[in-house]
């Protein structure tokens, strides 16, 4: 067991070192990307400016589905009747 | 009469053993946790159901020719299902908070201490006469501390398939228990003053940075840690599908239908590993105990690292966010936010905790790669 | 010239046999029924198309290395596809009507008389010199009387794979013919008075009952009839996904994308079994005849049972609803409603017929389990 | 064939008995559940009180999709113009 | 220290070869084309990512037991994935424009000249000492001229699996380059007068015609060219799902989730064939050159055929629409429309070009069938 | 190589002939279908008269989803308030 414990200790040391080394390197990578971004800037894009991707890709493109359009026109016409009195 | 006898012989009743009845209770307990307590139901419900199906004499669900046997053999034994889940999770993950504040990666690194420290624990348990974990078993168990389901299942399927069921159940259970396990540790290691610390607002991250990030992660993994490529690679692939903006239909499928289908199958297949012979052993108790230890050590290490960084940095770093480094996305980040609000009702830490949270996913995938390289087959 | 000769030799023309032309007409007939007559198009259209593809000399669609061969081998031979369909159907099924009025299960039981009675018929047909059904064949044929497609395909793939194509076609065709087959039988066995009987409104069923129901069914199946577990288990799993309320994304996928994908493949694979050698035999005529008999006997048994229950019970039970016990969800229940409205325009039986209707699904899965246990391999 | 007929008869008797036994037991099971429900009642939930589950799980949660919102505001503003004359 | 050595040995660094670095650059180049230039991103992004994953020493992604190995073996080696993509494309294709003006099929036929003429080119290249294409290789390369991705992958997987990666990359790249490759050829072969020609409006096509069309195509293929049945059959099946109107849920799944899932896997699997040994060869340069030749000849042949038809026909036929005969749906038709508008701003050729465009898909599937029959294994 | 060139030439001739023959036959097939359509006409259906198939099959049928209905009624009631002043 002593041998296994030794081995576990080595794994702990090596493992944590490599995890830290790897992720530290990644920090450098992100800074490099950020530097690259500042050097060659692209237009800033906030979540709100990018149109929400639709969860369902439609193969035939219609801006508003007929169902919704029908619902709306029905609602509005009902409303029109009720207000036109 | 003879037919009735055949039928009686073909019922489960004359074949039942007490162990199988216990396993059915375990299955029902998992369903209870999933449905009533809402513990990670997406996985624990199929796992619990799979446990019920697999523990019945004669049903043969998990034997050659049975449905769960096929699913396990095709999807888990090969490692395909956890990798596809990881792809879907990648397609759901937003790395903005991490890219805006890359130092958070150090918290994701520190929290992996739980994994490697637990290796010790597993070996120490071998001192007790009824445990005999190999180093491979110990590694598969320790990864529970990574708080990441697919990573744990993937590593267990490679290093210790016979422990897979118990490891998966432990991993998902402890992920669900994050709101109970973490807060006491977080409060014990921090002062009220520290918990009130506000953090600077995060900068806006450009689309180009978000696209380059998964590629950078992939490149580094390819070069420095090829054994982590399956996990990290599929994760980065999913994230690239999401961020690149030109293949939305693939990204949507990866994070919806595909991950749902795979989740159903993965859960059932993992559940099919909860057979009495494999689960009702001292090892399972050891796994549950070690998993809790791994989780707690990981949380503590994350918090301590955050305290250290707060000391060394000129910017405020609220030590609570270190706890999110274990992953368990997004639960751990939410717990950080909640504990933070208790000390300072105006201090919203959610976005700040998302950085270490997604860093923890990368961290545990990297840790899995290291374990695969060092003790793997 | 030589190349042209090779090409001519590689056209189907010099290799055609009359039997294959007949099978192509069968394929077109199935497409006609599916598209123009709207007979169970979700299955009969892919089956018909598969029949066209498989009956062409040299195309090799169903030979080793062909697409349909792979699909059949992976999905039907293993039983995986019918089980996944059953999971999806479970996720679409609402058991409220049955839970509110559990006696309806007796109607679902009675209608299985069609299955077991047809065993006799198949053996009797062996008296004619050109039939030679084994007891396994007879069982696979008789299950057509269960009026449940996936159950029929699952049992046939286990007991009589060489008859699978004809059995599946017969099962889905008769399910589509329910509005034609059932009403005369229903009217012949009931008086106008009986058909007018109104039924008491059903009580509201709580969410908890709906969650516990699939678990109870699973538990009983596990204990008393393990051989029925694959079918009943996956059905209950689907239903639990739907009712538990915590895994809606899995439930939606099970009842939409997953079942659609499997339906496409299952239909093509079943169609690939409609080869001339397997289909253009006296057996097929026997299967069609026995299927009609099984259906009719099942309907009659359901109605008679309902009459008996009406006699014995203090509450009104309209005997028409017994016809819904064959399953064929929801068509049979709609037929009951329609025939009921003809006698009493204010008597809506649809919800009352849903009870025996879903009971019939369980009943025929149970019957399939019994047949598997008693005559299975 | 007589033997096979005999066997079919036995299958008929055994099969129907087991089907009835099984489903009768299930009736008992449902009554047990109902008794359990009465003993430990949960709030009654009718279909209308439970919100319809959306057929598509959205990973980013937005209450009403921007498309629909746009359609509605367009419809209403058109309508407003037409009624304000 | 020993552990560190193992880890160092398990990094890719000491194992890198210059060829693999080049292949990673190729992978990044494909990602660049897909994401920044939007070149067929649905395929080229997964292909590029697959190329990155497969070219790393020790990651073992494409070796036995690796994810990409499984995917390739299950989906591409068997031909299943390209056929499922073809089914989905069929379910997205509207043949109205072709049914309304069936002569357009002649343009789809003429454009296949690019395929067969390229066979010559490949054999001629063998004159150069560093090429040695077999007739099977030449056929798999020539099909690039068909401008149809799944057809090219399917044929290459049957005739020249070792060239599959390069052929797929070339096919999709040239399809993306249609707006650059085609216009100069189109303008060189037509006069400004010809490009201004307006065309008669297309008649309305009934639903019945649209349903009968895929059945007629299937029937003819079954009889006259069985070797083309896998491709044409699945394409017609998808189209029938769409047009029949009774199985919309299957049609929607075929053209959304199913094709998306398969696209992800197909792309990764094709990318896994871009290993240094297979790609960094003179053959790849030959394939790229021959592909460009095939594309250009096909375009020219289509335009010339349209000119001829315009001469012989009493109706106007704008020769530009001949260029759409190569397929590359719908890009080629859009290019026709754009070039047409440059000459006559009121002349919208899009719908007229859709006829030859979809005819080109059928044409290249037919050509693939012929090549399979004549030089196939 | 001469032999291979010969073979390529034969493939070119045979291949193009068969492609043209096959697609010409298909032209005849389409004309036959069109003739059949004229002989046994079905009601003409233009794309606009056929309701757009919903991308997602709903298993429980509701004409308009409650979400949309809620959005519309909210929009209309807001509007009503604003116009009723």
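Note that the chains are named A, B, C, D, E and F in the order they appear, and that numbering of residues resets to 1 at the start of each chain.
Just so it is clear, a residue touches a chain if its C-beta (ideal position, glycine included) is under 8 Å from a C-beta of that chain, and two chains touch if they have at least 3 such contacts.
Nothing here was measured: the structure is a model prediction, and the numbers come from that model.
**Q** Would you mind checking which chain's C-alpha centre is most distant from the centre of subunit B?
**A** Computed centres place F farthest from subunit B.
**Q** Among the chains here, which has the CA centroid at the largest distance from subunit D's centroid?
**A** E
**Q** What whole-number Å value describes the gap between the mean CA coordinates of subunit C and subunit E?
**A** 41
**Q** State, to the nearest whole Å, the distance from the C-alpha centre of subunit B to the C-alpha centre of subunit D.
**A** 32
**Q** Taking the mean of the C-alpha atoms as each chain's centre, how many Å separate subunit A from subunit C?
**A** Here subunit A and subunit C have centroids separated by 44 Å.
**Q** Mind pulling the residue numbers of subunit E that touch at least two other chains?
**A** 3, 7, 224-225, 249, 252, 256-257, 260, 370, 374
**Q** Specify, in ascending order, the residues of subunit A that touch 2 or more different other chains.
**A** 11, 14, 18, 54-57, 59, 68, 72, 75-76, 79, 83
**Q** Flag every residue of subunit A that touches subunit E in the complex, lowest number first.
**A** 10-11, 14, 18, 56-57, 59
**Q** Would you pull the subunit E residues touching subunit B in the complex into a rising list?
**A** Touch residues, subunit E against subunit B: 3, 6-7, 10-13, 24, 28, 31, 34-35, 38, 41-42, 45-46, 49, 52-53, 56-61, 65-67, 70, 256-257, 260-261, 263-264, 268.
**Q** Inside the complex, what are the residues of subunit E that reach subunit C?
**A** 78-80, 83, 211, 215, 218-219, 222-227, 229-230, 233-234, 237, 240-241, 244-247, 249-250, 252-254, 257-258, 370, 373-374
**Q** Please output the residues of subunit C touching subunit D within their complex, sorted ascending.
**A** Residue positions touching the partner: 98-99, 102-103, 105-106, 108-110, 112-113, 115-117, 119-120, 122-124, 126-127, 135, 138-139, 204, 206-209, 212-213, 216-217, 220, 224-225, 248-249, 251-252, 256, 359, 362-363, 366-367, 370-371, 374-375.
**Q** How about subunit C: which of its residues touch subunit F in the complex?
**A** Subunit C reaches subunit F through residues 3-4, 7, 92, 255-256, 260.
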